[in-house]
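Below, chain A partners chain B and then partners chain C, in two separate complexes.
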Partner chain A sequence: MTAAAWLALFSPLGAAVALAVLGDRISRSRAGLLVSGSVLVSFVSSAYVLARLLSEHPEQRSHVSTLWTWLSAGDLQVGFEILVDPLSVFMMLVVSGVGFLIVSYATGYMRGDDEERRYHAYKALFVFSMLLLVQSGNLLLLLVGWGMVGLSSYLLINFWHQRRSAVAAGKKAFIVNAFGDATVALGLFLVIQRVGALDFATVFGSAEAEIGRSNTVAVLIALGLLGGAAAKSAQVPLHTWLPDAMEGPTPVSALIHAATMVTAGVYLIARTHVLFELAPVVLHTAAVLGGVTLLVAGVIALVQTDIKRVIAYSTMSQIGYMFVAAGVGAYGAGMFHLMTHAFFKALLFMAAGLVIHALAGEQDIRRMGGLGRELPRTTRAFLIGTLALAGVPPLAGFFSKDEILANTLDGGPLGIVLFVFGVAGAFLTAMYSFRLLFVVFRGKQSEHVQHHLHREPNEGPLSMVWPVGVLAVLAVVGGLVSVPGGWHAVDTWLEPVSRPLVHPAGWMEAFSPILSVCVALLGIAVAWRLWGQASDLPTALARRYPLATVALERKLYFDEVYDALLVRPAARLAVTLERVVERPIVAGSARATAGGIRGLASRVAATQSGLLRVYALVVAVGLATLVLVFISVR
Partner chain B sequence: MLSTFLVFLPIAGAILVWALPWRTPRQAGGFALLLALAELAIWVGGTAGFDYGNPGLQHSTTAVWSGDLGIAYKVGLYDWSLWLVGLTVGVMAVAIAYGLWVGRERARAYFGLMLFLTGATVGVFVAQDLLLFYVFYEAMLIPLYVLMGVWGGAGRALATIRFVIYTIAGSLLMLVAIVALGLTEGTFDLTRIGTSGSLVMFLGFAIAFGVKAPVWPLHGWLPDAYREAPPEVSAVLSGVISKTAAYGLLRIAIPVFPEPVEDMRVAILALASIGLVYGSLLAFRQPDFRGVVAYSSLAQMCLIVIGLFAVNDSGLNGALLLMVNHGLVSAALFLIAGCIERRTLTGQLARLGGMARGRPILATLLITTGVIALAVPGSSAFAAEFLVLNGVFTVGWGWAVVGAIAIVLAAMYMLRVISAALHEERGPAVHDRQLDLRPAEVGLIVPLVAVLIFLSFWPASITDHSFGGTPTATVTSRFEAP
Partner chain C sequence: MSIDTPAIDWAGLSPYFALLGGIVAALLSSVFLRGPARNAAGFAIAALALLGALAAAIALAVVDETGSGMIADSLRRDRLADVAQIVVVCAGLLAALLFVREPDAGERRGDAYALLLSAVAGMALFVAANDLIVLFLGLEWFSISLYILCAVTPERTRSLEASLKYLIVGGFGSAVLLFGAALVYGASGKLRFAEIGLAGPGSDRLLLVTGLAMLLVGLAFKVSAAPFHMWTPDVYQGAPTPVTGFMAAATKAAALVVALRFLTEAFPGEAALWTITLAVLAVASLAVGNLGALVQRDLKRLLAYSSVSHAGFLLMPVAAGNALGGRALLYYLIPYAALSVGSFAVVAARERELGRAVTIDGMTGLGWERPVHGAAMTTFMLGFIGLPPTGLFLGKFYAFSALYERGWTWLMIIGAVFTAVSVAYYLGVVRAIYARPVLAAAPAGGSPPRDTAIDVAIVASLVIAVGTFFGVDPLIDVVTRAVADLTFPF
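For the complex of A and B:
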């Protein structure tokens, strides 16, 4: 079984290495096939591992396999090891399954790009890194996967590297995530100091005894992990990189910045929940961050005009829900939403990709409109994704979001507050998602559409259309694995790894879906009133509240604040150091140099007057005196 | 015999290069490269028979010069110094090959000096007698002065003089400390010398090595030296020569002076932490490729010092791994800088840009080396820095926090240099005619990167095979075999 898991891990790496070595000796289409084939191998292997785990007793579903010692220092030994258990298999299936669909889609999307092979190689590297992250059997290797998904994300965001904005976006994403990596590393140092090991079994087994509950150390460890989780999952205040990351090709946004990598923070909390539970205050902080993010991102999404940025803010908001779930201890609910979100958000991005494809690269929704008649299939796919996102039953998002809301109700006073946040978020979600749908596909066609729309049979190459179809089906039925009042397959499956802290009562499971569906319908109605028909209400509103509008359009000034508080002071410090410290040091040595040359000159002069021996004697005596000083001074 | 052979094979080769009447410069260079490769092959052979569980001296040779004064020719290898010798012979072979590829003028002098430098540097790493150590240390510096002063760039004169002044000042200080230590201890034999509590002697060594590393604020010679030396000499200087300083701290200063180390630890960690952040911030400001690599070297050397002065398993192992790693990274980066300068005739970042387009090999190698340099998790540099910071974390968590901040800064300056060279619009100095890396250049840089990737997959190949598996105990017992 672990052999299959290793195969799943290394198959995409093999494809990436092959592409790097072969260069242009492999044709572009074969390169795409190689990568999607390798990811399919990962998926099939993961499915096999799942089947084998299913045949075991729930409490025995945990297998560690170590290939070699990766790093060592005295007693600290960190293996290159994987852990196969319900949680890792769950993630492997999501990553390789959705990954396979998106990589296949990308073979069509990237066709004709000059550097198609490089793109596919990076994508394979990403899938490997992501699988390493979720399969790792210890905290350090998890951090390795964690950093490498960040690296592949960087490489893919600035894939079109002639664009200044893409390069800047890639750097920003990398640096924010490097900050997250650093806080995780600091947390690991504390774990090493207390526990002396990094493998999950030892750390979780002895955490309570060695670290203790709710003390400073426990809080700092959890905070370190949370820093990484918030950076990777783009939670306030470390979220500013994600909207900019939309500079990457659309399949990248679908895979990395929606379905898999950005949800890694939720996985991290679920995986290390033992450490978080030792510091409940940090766990609650995670929930609050999630609650704030889901509202902030939902509000900003209302005014954004780039189709991909709207979906990006939506992603932040949905991950906010997952953080809320994980923060109240409903790990299964969070993972469930992670899965359904992967389906419908990848679907939305890929449908958006079809739109962008049809409009020759246009992403500004103000220049779209009336596409529903022209792209009926795309419209249907987008509609399914939007309905699932808005939480309309019986689509996938309805079940997973309501499981989160029901769970928060059991989370005490904080849970009630988060429930209110979540319901408000459901309203916003319905509103911004239907705004996008209405503005892009309804109304009258803009001039841009009339001039630039190029029609293709099937609205895109087959390689792009079929993955969208599969995802559309998953977005419809994917929620049925867990039904309120009925069964909770995800929760049950993950129970041996991450036992939930909350257990919603029957009335909670009944109350929250009814309320949230009402709210979602209200949001759709408001969106219809504002954007569903020709109306000057939106502009009137913007004119009525200019400050709020500008603040939202400027994304609540987070970038400006970071610029003023961190970027510019650091640059100023560097300039000051250069002027006040560095130049004097280097110039000081220049003065010494001048003195040295003068000394040399006088020495040459002294040679001529026969004083060389005297000079040598002076140096020797000087040194000897110094030796005596060194010996005598203690 | 292995240690002696590794020292004198290249020195004998140097004499042959100087003495024999070579018909063409290429012949002399080819002979030098052949010898360098033979040296590398001998080293590889030496790793096979090494006893890694034994922290004591191996492959040693002793010939007594003066029994009364306790002066002897004594050389040998430890399982950890073996890796530094490997770094030396590997990087030197690549540097000599680079010199051959670009066709350095006055070939006999040049290649002879490079071979001599190889032997002397290996000598520093194997010498087990303080005076012998000093002889090799000086012998290593002299060819560097000439290589920098004769084959360097336009500003080489001032750069060389500055380098000479700094290093001679450091060397004299070390000589005084060596003589004082040898006389008080009654022997210059490093394997038999006792511990000393003398703060001044410790400072003599620490400052001498601090200049050579360099550690802030003793780095005044660094920016110009790394900019003006020929690229392959910069590669050697920052990749290998700087490691002799770290080696000196590890082999002499830390084990022989336990009490002064304890007393001065906070001060040294403070200076190194300042240098780490300072170097990172200045690297971000540099207008040229080599300037960035130069200041990043300052930062990395400070990080190595931090690991060493943690004096625990994690810090020592991390520092050693980082020495090897930084040696390979900065050698590769300086050679890539050289390849870029040969094409565009400039290293000014403002005049570069857009080089990735049509040059996939250059782009791949620069990005790979760059992300390893910035210690992306999963790279060997990450493994090393993780151990270093974990080591110093137990000394004081504040040091690790500063180190973590500096690693974020490293991401900023490395990504800046990668993008400034490769991405965005084409710079004024970049044209379509400038070729991608030629096969010869690929053959030079790829081995360095390949070793880095190997180490990224298996950093324990070094940490598991050093200090007999017990770094702290081995270092504090002054490397005596149990």
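For the complex of A and C:
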């Protein structure tokens, strides 16, 4: 069984290495096939592992497999080891399953791009990194995967490196994520210092004894992990990179910036929940961050005009829900939403990709409209995604979101506040998602559409259409694995790894779906009133509240504030330092040092005259010195 | 009446027999065969003999749980010797690959293989030495082989000059070592290392420490530790590149292993003296090596100074004088040998392509023209600095750990400072590799035919260098067992 898990891990890496080695000796289409094939291998192996785990007793579903021990320094042993347990298998299935669909889609989407092979190689590298992150059996390897997904995300965001904006977006994503990596690393140093180990079993087993509860160290460790989680999952205030990351190709947005990597923060909290539970303050902070993010992102999504950015804000908002769930201790609910979100958000991105594909790269929704008649299948797919996102029963998003809301109700006073946030978020979600649907697919066709729409049979190449179909089905039925009042398959499955802290009562499971469905329908109605038909209400509203509109269009000034608080002072400080310190002192002394060293170096080299008698003399002097010293200290 | 035949440890001697048989066969083949067949046969014999010796050494390393003496206790058969022999034989194998198409060697390639085997055999004996006589015998055996190997391309004046310089200065060094050995024998009346150590307190200290000083000088000579390094740049530059690669990797490894065994066994009582001496030599080597490398343009000369600086790094764990230092030395040697042979292999390939000596400018554009060579050389350079993913990263880590355990923070700091200096010239090479190629640097007379042997050597070195990083734990296990029999003074 662990062999299958290793196979799942290394198969994408093999594809990436093969592509790197083969270069242009492999055809473009074969390169795509190789990568999707390798991810399919991962998926099949993961499914096999799942089947084997299912046949075991729930309490015994945890297997560590060590390929080798890499380093042992004193008592600290770090090995290349993976952990196969319900949580990691769950994530492996999501990553490789959704990953396979998106990689297949990408073979169609990227066809004809100049550097198709490079794209596929990066994609395979990403899948490997993500699997490493979720399969790792110790915190160090997890951090390696954590850093590598950041790297592959960076490489893919600025894949079209001719575009300045893409390069800038890649850098921004990398810097924000590096901040998160650093806080995680600092947290791990504290873990090493206190526990003296990094493997999950030892750390979690002895955490309470070695670290203690709610003291400074416990809080710092959890904060370090939370910093990484928030940066990777684009939670306020570390969220600004995600909308910019939409500069990457659409399948990248679907895979990395919707379905898998950005949800790694939720996985991290669920995986290291023991450390978080030692510092409940930080766990609650995570929940509050999530609550704030889901509202902020939902509001901003209302006015954005780039189709992918709207979906990106929606992603942030939905991950906000997952953070809320993880923060109140409903890990199963958070992971459940992670899974359904992977289905319907990947679906939305890929349907959006079909739209962009059909419109020759156009992403501005103001230049779309009336596409419903032209692209009926895409519209249906988009509608399914939107309904699932808005939480309309019986689609996937309904079950998972309502499980989160029901769980918050059991979370004490903070939980009640978060519940209110969540319900308000449901309203916003319904409103912005249907706004997008209406603006893009209903109404009059814009001139742009009339000129640029190129029709293809089936609305796109087959390789792009079938994954969308599969995801549409999953977005419809994926929620049925967990039904309020009935069964909670995800919760039960994950229970041995992360026991939830909250247990919603029956009335909570009944009350929250009813309320949230009403709210969602209200949101849809409002969206219909504003954007569903020809109306000047939106412009009238914008004119009436100009400040709010501008604030939202500017994404609540996060970028501006960071620019003013961090980037520009840093740049000014750098310029000043360069003038006051760097040039006269550092460069001066470095030049002096380097000059001195070079001078010294030439003198050393000058002793190397090539003359044997000099060499012999030096040896003789050295020998004489040594003998004399030895005799005198004897 | 019957004659008591001495018990002969055939198994323990098997690596030597493999190599000796190879020497005889290689010499005979170079007498009886002509033309291409001679070269092919020479390589095949050398490779077979080395592989045989490697297999034997590995087998011995597996079975030798406790050490034993051979041939009237003059040779040790233990894991320390086995591991050192593995390193030396592997360096020899890689060097043999480099010889396959060495253009300057011409008709003499057959002899070169025999000499290479002879040098390897000498080193194998050297690292197993258990008394002063075998120590000197092994040293001279491999040294003389190397003197001749340096001159195996007599059409090049530099090669002859290198050989002659090496012979004269090396002869001086050997004489000093022999004199030192005589003094030590005179002081203690013993030849065997362990017995010298036991006799230490009762012997004449004046003679003993004078002898120790001279033995240290003789070994420092072979390690190319400053100030006894003066021959290194000239010889490394002048010798045929395959020979240089072999010397850089194997001579240093053999001499350091012998120094470790000899000093800990024969001079435990003088440990304070020799550890501080080695620390001073290490500092001098770091200074001279790194400063000297900064101003070099010729790549082989640069690598020669780099080898002097690494003599400093390698002396640090020996100077620490503790068990951790012993492990660190032995571990460090493995990736270091791979990096040395590998980097000289890239130089050899480039040299044949350009048809002249390789300077830093001569590396311009290598990364674009030969991506594998470029990537390998970059890895080697980063490895020499001590960066992952090569084993030298952990080698330096362990060496510094040993110093830390000894309490010599000052030496760690000096090591770190000179590591920073070394970044300048190693990265200079990397910069050249990935600079855009200048058209004028195009090879004179077209590219040489593709040389699979050299590619194999480069890739093998790369695999070892990187593999030691990932496989650190099993290797540490191996070297821990290898030094388990030694008693460290600190």
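Definition applied: the second predicted complex is superposed on the first by the 582 of 634 C-alpha atoms of A that agree within 3 Å, B and C clash if a C-alpha of one lies under 4 Å from a C-alpha of the other, contacts with A are read in each partner's own complex, and residues count from 1 in each chain.
Criterion: a residue touches a chain if its C-beta (ideal position, glycine included) is under 8 Å from a C-beta of that chain, and two chains touch if they have at least 3 such contacts.
From a predicted model like this one, the values you see are computed outputs, not experimental measurements.
When the shared chain is aligned, chain B and chain C each come close enough to touch A:72.
One of chain B and chain C touches more residues of chain A, and that partner is B.
Residue contacts after overlaying the shared chain place A:578 against chain B, while chain C stays out of touching range.
In the superposed model, A:158 makes contact with chain B only, not with chain C. Touch criterion met: A:140 reaches chain B, while chain C stays clear of it. Touch criterion not met for A:540: it reaches neither chain B nor chain C. In the superposed model, A:618 lies in contact with chain C only, and not with chain B.
Touched by chain B in one complex and by chain C in the other are residues 68-73, 80, 597, 623, 626-627, 629-631, 633-634 of chain A. Against chain A, the residues of chain C that register as touching in their complex are 165, 168-169, 172-173, 176, 205-206, 209-210, 212-214, 216-217, 221, 227-228, 230-231, 233-234, 273, 277, 287-288, 291-292, 294-296, 394, 401, 421, 470-474, 476.
For chain B in complex with chain A, the residues that touch the partner chain are 158, 161-162, 164-166, 172, 175-177, 179-180, 183-184, 197-201, 204, 217, 219-221, 223-224, 278, 281-282, 284-285, 312-314, 316-318, 354, 356-357, 360, 364, 367, 371, 374, 376-378, 382-383, 386-387, 389-391, 393-394, 397, 400-401, 404-405, 407-408, 411-412, 415-416, 419, 422-425, 457-460, 463-464, 469-472. Per the touch definition, chain A reaches chain B in the complex via residues 20, 23, 68-76, 80, 118, 129, 140, 143-148, 150-151, 154-155, 158, 161-164, 167, 170-171, 174-175, 178-179, 181-183, 185-186, 188-190, 192-193, 570-571, 573-575, 577-578, 581-582, 585-586, 588-590, 592-593, 596-597, 623, 626-631, 633-634.
Those residues of chain A whose C-beta lies close enough to touch chain C in the complex are 68-73, 79-80, 597-598, 600-602, 604-605, 607-608, 610, 612, 614-616, 618-619, 621-623, 626-627, 629-631, 633-634.
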